[in-house]
Amino acid sequence: MTARTDEILSWYGADNPGTLANLSRLLNHGRLAGTGRLVILPVDQGFEHGPARSFARNPPAYDPRYHFELAIAAGCNAYAAPLGFLEAGAREFAGRVPLILKVNDDDVLLAEKDPNQALTGSVQDALRLGCSAIGFTIYPGSAHQLEMFGQLRACAEEAKRHGLAVVVWSYPRGSDLSKAGETAIDVIGYGAQIAAQLGAHIIKVKLPTDHIEQDAARAVYEAEKIPIATQAERVRHVVDCAFAGRRIVIFSGGAAIFDDEKLLAEIRAIHAGGGFGSILGRNSFQRSKPEALKMLNAVMDIYASPGAAA
Amino acid sequence: MTARTDEILSWYGADNPGTLANLSRLLNHGRLAGTGRLVILPVDQGFEHGPARSFARNPPAYDPRYHFELAIAAGCNAYAAPLGFLEAGAREFAGRVPLILKVNDDDVLLAEKDPNQALTGSVQDALRLGCSAIGFTIYPGSAHQLEMFGQLRACAEEAKRHGLAVVVWSYPRGSDLSKAGETAIDVIGYGAQIAAQLGAHIIKVKLPTDHIEQDAARAVYEAEKIPIATQAERVRHVVDCAFAGRRIVIFSGGAAIFDDEKLLAEIRAIHAGGGFGSILGRNSFQRSKPEALKMLNAVMDIYASPGAAA
Amino acid sequence: MTARTDEILSWYGADNPGTLANLSRLLNHGRLAGTGRLVILPVDQGFEHGPARSFARNPPAYDPRYHFELAIAAGCNAYAAPLGFLEAGAREFAGRVPLILKVNDDDVLLAEKDPNQALTGSVQDALRLGCSAIGFTIYPGSAHQLEMFGQLRACAEEAKRHGLAVVVWSYPRGSDLSKAGETAIDVIGYGAQIAAQLGAHIIKVKLPTDHIEQDAARAVYEAEKIPIATQAERVRHVVDCAFAGRRIVIFSGGAAIFDDEKLLAEIRAIHAGGGFGSILGRNSFQRSKPEALKMLNAVMDIYASPGAAA
Amino acid sequence: MTARTDEILSWYGADNPGTLANLSRLLNHGRLAGTGRLVILPVDQGFEHGPARSFARNPPAYDPRYHFELAIAAGCNAYAAPLGFLEAGAREFAGRVPLILKVNDDDVLLAEKDPNQALTGSVQDALRLGCSAIGFTIYPGSAHQLEMFGQLRACAEEAKRHGLAVVVWSYPRGSDLSKAGETAIDVIGYGAQIAAQLGAHIIKVKLPTDHIEQDAARAVYEAEKIPIATQAERVRHVVDCAFAGRRIVIFSGGAAIFDDEKLLAEIRAIHAGGGFGSILGRNSFQRSKPEALKMLNAVMDIYASPGAAA
Amino acid sequence: MTARTDEILSWYGADNPGTLANLSRLLNHGRLAGTGRLVILPVDQGFEHGPARSFARNPPAYDPRYHFELAIAAGCNAYAAPLGFLEAGAREFAGRVPLILKVNDDDVLLAEKDPNQALTGSVQDALRLGCSAIGFTIYPGSAHQLEMFGQLRACAEEAKRHGLAVVVWSYPRGSDLSKAGETAIDVIGYGAQIAAQLGAHIIKVKLPTDHIEQDAARAVYEAEKIPIATQAERVRHVVDCAFAGRRIVIFSGGAAIFDDEKLLAEIRAIHAGGGFGSILGRNSFQRSKPEALKMLNAVMDIYASPGAAA
């Protein structure tokens, strides 16, 4: 608990003290406790990409206990996973690391231009498993987006009433978006805004490129000369898009899989641009545990350093 | 109750003692009691394939009592069937064999590239009929998969709260999967993972072939040299895909209908690969009872023998 | 109450005594009381086909009281109708004949290759109207079949909990079935099995022809030499398909409208094949009451005669 | 499962198969499995009499695990205890012995001529703990009796709907009963009848004396020359009072605490009189475990011997 | 998290991981984190005794924020209070100290020989305020005890389902107990047992004297020579009475108000006797904050020292 975490909690005036206590737990756990930055370990790739693609590179990761242990050893702020993975360790590791239950998931056995997610967990599950938050994925731009928004709304209302926090994975995707458009700066910023407007406490987006997808947006970006040339500028813009920095925005590792130099450069950009942290899945659990701990330590070194206020 | 069944129960730390007691009942009933292996008799083919196709080869099997008697005489760990079949014998055979109520089913009167299942039973039905578990089929890869996942989630949450176990039939199938892909090693492993992440206690899959369906998966199988040449290796991989062996995975009889030599070779491979057992429907009830008992006895001989720990 | 009706009731071991008492009422009312056979008067054609098509040939039949009076005068085991028809006579004829409330219905104003039914009544309606059973139509093979199965499951669970019996009209129909396929022996048998698996106490199907619709089924019918040459053989096979005769299966009048000779031949075949009775709608109310009583009397003469045990 | 247990189950025709399966579990577990007799270990004395009075004689009995172990080692049919004692061992001993959750309890800190009981457990608790039955105490004759009867009715209805069995401790007591009257033959028989009428599956009463408490009853006992001179005769009469022997009636150890000769004489009388067994608390756990096992073994020797059919 | 706290959590096998996580929070917060001992600050005296009697000695204590600050500054494991006091600080101090919501309370405006408590909070309140546990007072021995037991049962079931812990204040009191009897060793032990049987995770009792209140108990204490001469012996006996030490038992400050030497002697006895800690209200907040912190520091020094395992 620091002045910074107090400041962050002050942004969530509509939430009850139970939700604030859980946000505080996320902000005040692990090596980055109190810095206002977060590094979260998410492991939903077994569901989202399949087990061999996710775990064969580092076979101990097939075991659900591995990820609890990794998150604890690395001093992550939280560990996020679908129902089965959390059920398989929640008793053994009760109280050792804040948990986030992903309550919706999808797989890749069906190719979908307009993806959707199944409800795979509930607020009641999150409570019985001792979680601090629920996690929910939306695909803004998908033909199924409105259904997902509605489901998120209902889950979030129930979560907040029960004192849980709400983390939203906002991944624009759908038949009207180009592949490049999925990480375009205008689209990522828009995705962050939508998540914030839907009531997310913590928003997870991909790192944006300087591509602009929407013509109507491009006109404004150019007219207003919004600075988006550097990664740090783009991070700052996305943070602005999430209520002028009054919502916690964290970033996934992007495409820098297994290229640590590139990854750390990205982390530095997030740090410099006032991003609140990272959610690092494949970069964490698809290498040996010593390697993962080394990498996560380097990431946390950057976030723990003073610098641009988030 | 043995050290092995205690070990297996220890994997289900998020479940209440009621669910553990029912898992214990399944593991400690019949000829394989205490071995940590299971042979389950499932009879949902009357619904899934039609009555003549299912029962005409062995007409006594039209009678619902026949299957209770077969499961009891053979010393199966459990008998699984849809609502009607269980209702027709649950009083007469109360307490004689653990029951699993299939709570969803489909038929073949409508050809569907993307199959779905109807809810045909409930947790309340399972309780009033004295069942130890509910059974639920999902078709990962079907255009209806997300709806099925959501229904499973809701049924499983209610089942667990009431102290029942959850058995999931995971059959990948759908418009983006080839026929060979339905039993591809990557797809079967993925199906096992999805069932585990959805909170299944026991997972039923088909025996995988060495075909690999997904390009993205093939790259990993080849790069990591995942051994999948033999049936036993493939079984071990699928078991790994279900939380590194910390969920019970059982296998259907595969294509070896009425070829006992081939069937027993498969059982030996499941045993050698650390699979937890078999669910044998057509191979059991589509032959005369003496023949069925002889075959099931031979199968249980294999599972009862020491060897590769499951 | 006879040894035969006791035997029939013994098949329903999962049901509570309230449901047994209502089944007993159906089996022990009217001229066929105690024989184990039933003739039921159903009048849902006003809804299903329209009033003029249904009642103009015999205008007194526009009046809902007419059908109560007909069922009572003829000594039918029960009278089945939609909500409105039952509401219009339930007080006046309270206690005079067992009632079955059809709780779903469809009309022909919309042509549908894959038909569906609307929920038009409830278990609560059935109780307040003094009914002994609910009636429910399913269309196995329709693209809407899974939805109907799920609705039936829910209605049946509620009905059984409240001590009512469940009568299922099982009419295979849908875009993958030919017109001939709707009454094919394999399809009718399959429809009877599905209704039984869904928990029906009494199953109503159409009289099957010797056509076989499904290739996979044909192989079995031929290999196993299932006798289906005569109507009586086909009736016996359908009864087998409904749990080896341990569920009550009754037949509609088939195509023999107003051809009494043909109709009575069919009844003799049902009787000889061990069918449990008939449900005769248009043949009953689309002729004058004296004619109808005469016809129903002739039908009951056949069912009341000794012969092939059902 | 024997002809005798089948016969016993046949008495409970209004119950669903789930309740029958749980009754079957109680009748078919432990050393007396299949005999139709039961020896149950009840440990509610910690609550009812206080911990030192209950456990100080044999201090290992302070530990809740002790009683699970004792019931298992002795081969008792079931172990019955309040919520806390069951919660403290239900996971560790899941599936090893049928459990009965006492759902109401009282203590002796308040002296009450007209005792009452608090609701201390629920059907939902019983399900989550994996119990086969709920246990409920009533005090017929107490000024609070009607409240207790009503609570039992509600609990029993819910238990039966969920497939649980109902065990009733029927202890007549109250301001209009003398101390001797609490075990008078007319009063004990009356208490057994009340429990049976309230829907109990298993009834626990105290061993009756030949005292007759009620004048109106005495007139009948004398006029009809009801034989009550010997303990076996009195047991038979009480069993008659519980639906002519068609409800399971078991007896507590009576006053024969620690006088094994007297205790075994009582057991022989229960056996000879057709009682269904014993529920032995203080006599079991207030002596060392070896002594307890020896005593319980001697008791079960008697019940396992052939003789007067229960 | 230490071997000791893992051991303690292992006693609660019937609870879900959510409740374990909250118990872990209580055990692993503040200065005694990980020792298996707890010092809790309770402030319900404003409600129970009136504000002037409670706060006038140390007027800053009128302010609800004072008590949060005191608990945090002292490093208490938790702070327990009624609804209003928690609502008045829960946002400001969110996440800084585990909270226990007292969900029932009584006042002294009505003199009652047989006291009762009003329900003043709920599980939903506890969740929205971010509490780790609910607190509940029972008065075993009161004429209202059964009503309180029933309310506790219902609250505890709901709390456990939602992942909260349950703390029970067990204060024997009532018309059949003498004033000395309220803290008699037999009565305090009995009160601890009742709370444990009702499903409490943490039990708070008063320090017992060597008085024995109940004649039936005295006979046993004397016959079994239960050592109760010293305070440490009595503490050990009470801990035994709560499931042989497998439930957390903590003690209130007793009569040693403002006599720190006597208080610390009591703490040493609790420590030596294997008690799990103290709950210190008036001794904490009825003196100046520096004095309170000094006293609490001295108390925690004792509990933090090695010695008799709890």
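Read from first to last, the chains carry the letters A, B, C, D and E; within each, the first residue is number 1.
The rule we apply is simple: a residue touches a chain if its C-beta (ideal position, glycine included) is under 8 Å from a C-beta of that chain, and two chains touch if they have at least 3 such contacts.
Keep in mind it's a predicted model, so treat the numbers as computed, not measured.
Considering only chains that satisfy the touch condition with subunit D, which of them also satisfy it with subunit E?
Where subunit D and subunit E share a partner, that partner set is B.
Can you check whether subunit A and subunit E touch via the same residue numbers (shared by over half) or via different ones?
same
From the centre of subunit E, which chain's CA centre is farthest?
Checked the centroid distances; the maximum from subunit E is C.
Compute the distance, rounded to whole Å, between the mean C-alpha positions of subunit A and subunit C.
Taking the mean C-alpha position of each chain, the two centres sit 57 Å apart.
Taking the mean of the CA coordinates per chain, how far is subunit C from subunit E in Å?
Those two chain centres are 67 Å apart.
Using the average of all C-alpha atoms in each chain as its centre, how far is it in Å between subunit B and subunit C?
Centre separation, subunit B to subunit C: 36 Å.
Between subunit C and subunit D, tell me the centre distance in angstrom, where each centre is the average of that chain's C-alpha atoms.
49
Touching at least two other chains at once: which residues of subunit E meet that condition?
Those would be 13-14, 16-17, 161.
Quick one: do these chains touch in a line, a ring, a star, all-to-all (complete), or other?
Here the contact pattern is something else, fitting no line, ring, star or complete shape.
Under the stated touch criterion, can you name all the chain pairs that qualify?
The list of touching pairs comes to A-B, A-E, B-C, B-D, B-E, C-D, D-E.
Which residues of subunit D touch subunit E in the complex?
46-47, 49-53, 56-57, 59-60, 62-64, 82-92, 105-111, 116-122, 124-125, 128-129
How about subunit C: which of its residues touch subunit B in the complex?
For this pair, the touching residues of subunit C are 11-15, 140-143, 145-150, 153-154, 157, 172, 174-177, 186-187, 189-190, 192-194, 196-200, 214, 216-217, 220-221, 223-224, 226, 237, 240-241, 243-244, 246-247.
Going by the contact rule at the top, pick out the subunit D residues touching subunit C in the complex.
Going through subunit D, the ones touching subunit C are 13-14, 16-17, 161.
Once bound in the complex, which stretches of subunit B touch subunit D?
That would be residues 1, 9, 16-25, 28, 90-91, 94-96, 124, 127-131, 161-163 of subunit B.
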